[in-house]
């Protein structure tokens, strides 16, 4: 394998390292990338701490810049390697790779913009994708497909939630008023969302008896209504599963063979091809 | 298309614009309606803000009145156009259309009643229905059917919740008493609903050890019991799906054949083609 | 019907009125019972209000006693009517009927025991059962069966929750200590239940960074783990449904006929008997 | 049975008592163990109470030591009895048994380490396993299998949650800032987890309008996203159920035949009997 790589051009060698995860070098590259992303995220986290001494801050900035330079080199290498450069630049991961370095250079001109480096977390998706090629990708698609198939149902559900939230929010504003913290309709609608989703911060709570009755009904509604998105996704996932790998029909008795590993028809005993 | 519309009477032209979404004019009308509703809702939201200068308020009132006049014209046009006028006036959307303008006129006599204009949000349902004719309507019915089919189970569930909430509420009132904020049984029942539904505002919380033990059991119950409505809706949606859209109708007795692998009609024995 | 009832003995007439809901008198009796229960519950609710004038309280007491006397008469009538008196006295509803009157008499000797009258809410179950005979009973049994079938899974789940709650509770007590309100292990375990079940009162919250990390993991666990009871009940309800009414096999080709209303075998066209 | 046990060697007798639950002695031993564990846990709970008199504490320590000595004897007995001693020492329950006594001895040297005795709660798992051999073990495995089968989906889901939480957390830090308690990105991420999981402590809450809008979207997301793990586990449990316990094995190639209506083995074509 190693000798094979030596006979390749630099560009080909880089392609194997950067885009493939099944060689030792490619795997090492991915793991190094994973660590760089995590260190970078951690240093952004620490930078934001309020009581941090100047020295530590200086140290964190340096780490940030080293990682930014490494990511910039990688970004340029990726552009150099790929055949369809424009397609890469416009792709989801191409944009993520750019957003992972751009804010650092912007922060020279605009203070505070370095926090946008947090977008590097999206690069994790790339690394996860590479590291666990087969399984995770399949499962991700299966989840995405279930969500995609249920998108119309979910939009209908969200519309209903929107209408409920605006109506109940206005009602609570009229019932409770400013003394309980329901200062305006937008705040009241915010409270309604907090309550319907069963989050319940408790920063604003109803005080009047009528307000509490309406709140109780709202909570029971939210408690019951959570069943709807869950039911949608559950039934979609169940369906995906049951129709997965149907494809084959027995050539002799034409029943549908659901088992992917069946060698013989379960109905008539006809031998099956794979 | 445009020339076609010109040859139609005004009434027919208006019908196409207002009730249909598949012509350019009809679509534009629906989108304009959508924006008017959203602007109206937004201006009601802003009106309710406590620290708003007189000038802005005046400006918002004017927007409100312009929209009200436009909606009134539309309402009259709809009555004029539809054949069965009484049926429209009594229909769900007929009432919504009336409620979308009535509070504005009422607010001249009764201060504060303009907040009822928030009912305009219901008009969104009409617009959504028109804009995405096929799919959303089908999905809405599929959701409504699942909820309708599970209504007896949900009523039984709510009865059980009602009994639990009253018993546990009274128990907590006796255990905690007024020092912890459990001032009366109604307040205690309100707290029980807040806790069982896992909202947990935290405005009232148990302090005594026994009260906390009862609260813990209640929370675990609520956490487990949420499974019931979810399970009901999930299984109902799964069932709906599996019996839906297999497309075939018996050519002899016209019942819908749900089984994809049926060779004969289960009702009349007619042979079926695949 | 009325003439028929006249020819019956008093005992038989009472039986029809009290135990049956399909005659006019029986239905009226059930609805009267429903209202008496609701008025009684409401008056207990109102009695508990802290700032209630003496006059109102006196009035509520009188209502309570009138209802108690009516329920006592009904209880005696029921004992007189039923054949197997001991079986009734020992049955679930027999005990409920007794508990609905006993606390009132006890309150003469022991102050405060009248709050146990709240147990009258259980009588609602009887009324609901009578009023909607067919459907609700069936659905209740279907829900109870699903819960019963999944009891071992739910017990295993609760054991796991118990172990998690005790371990994490102790951990949080050691991490946070008394300054954050985690005064003792029992209180810490209480907080863990509040958090795991996603109730989140906010009366006790972690302050230390490590405590917040553990709390975050606990919340994500609770958020994911709620899937387990829901999944158990969902799959159980789905199974109940799918095995309901399987019973028939085609006498000609022996496939299982799942449709209860099929007249012909969907596979071979053989006529089916019901 | 008793005479049978007498003829056995001490080692064999102990084996029956300690490892089996189907004799009277074995059952009594398990129940005694159950109580010792519960008393031990309770005494650790009580020890942690802040206002406990010295006398009570002394009393609790003594209980703790008696139980520790009993558990130590049992531990030594177990090692003596089992054939493969190393395998037991390294097994899950072997380590639990050691961890149930070690902290007590460590507490002589290191103050406070006795709280690690809480790990005794894990011994409950052993007792439950023994007491309800058949059913609970089966159900535990069925739950564990469902969780195991859905682990890739759950990991993908947690990755997505991680990315959302970091991005939204940083956003909220930038929007709200220190005045609302969003002091740093880590705290902000902690708040995001509290909100996304619908726990909602309310110790930190957004104040700015934009912050509340983002919080509302986050809550609706969390409310909808809870559907995903639930859907995963539901569909997995439903699948496990449907492929379970159909009892037939192919007489020729001995694979398990899951389809109840299969006439031929799907693997080798062997004709099957019903």
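A, B, C and D are the chain letters, set down in written order, and residue numbers restart from 1 in every chain.
Criterion: a residue touches a chain if its C-beta (ideal position, glycine included) is under 8 Å from a C-beta of that chain, and two chains touch if they have at least 3 such contacts.
Note that the structure is a prediction, hence the values are computed from the model and not measured.
In terms of the stated touch criterion, the partners common to subunit B and subunit D are A, C, listed by label. Between C-D and the choices B-D, A-D or A-C, the pair with more than half the same contact pairs by residue number is A-D.
Annotation: the subunit A:subunit B pair of sequence copies touches via predominantly different residues, less than half of the used numbers being shared.
If you average the Cα atoms of subunit B and of subunit C, the two centres end up 28 Å apart. Separation between the centroids of subunit A and subunit C, computed from CA atoms only, is 40 Å. Residues of subunit B in contact with two or more other chains: 186, 189, 198-202, 226, 230-232, 234, 238, 261. Against subunit C, in their complex, subunit A makes its touches with residues 198-202, 230, 234.
By the touch criterion stated above, subunit C contacts subunit B in their complex at residues 41, 44-45, 48-50, 112, 115, 118-119, 121-122, 124-125, 128, 135-136, 138-140, 142-143, 146-147, 154, 158, 161, 186-187, 190, 193-194, 196-203, 226, 229-234, 236-238, 241, 257, 259, 261-269, 271.
The part of subunit D that touches subunit A in the complex is made up of residues 152-153, 155-157, 159, 162-163, 166-167, 170, 173-174, 178, 183-186, 188-189, 195, 198-202, 205, 209, 212, 215-216, 219-220, 222-224, 226-228, 230-232, 234-235, 238-239, 259, 261-269, 271.
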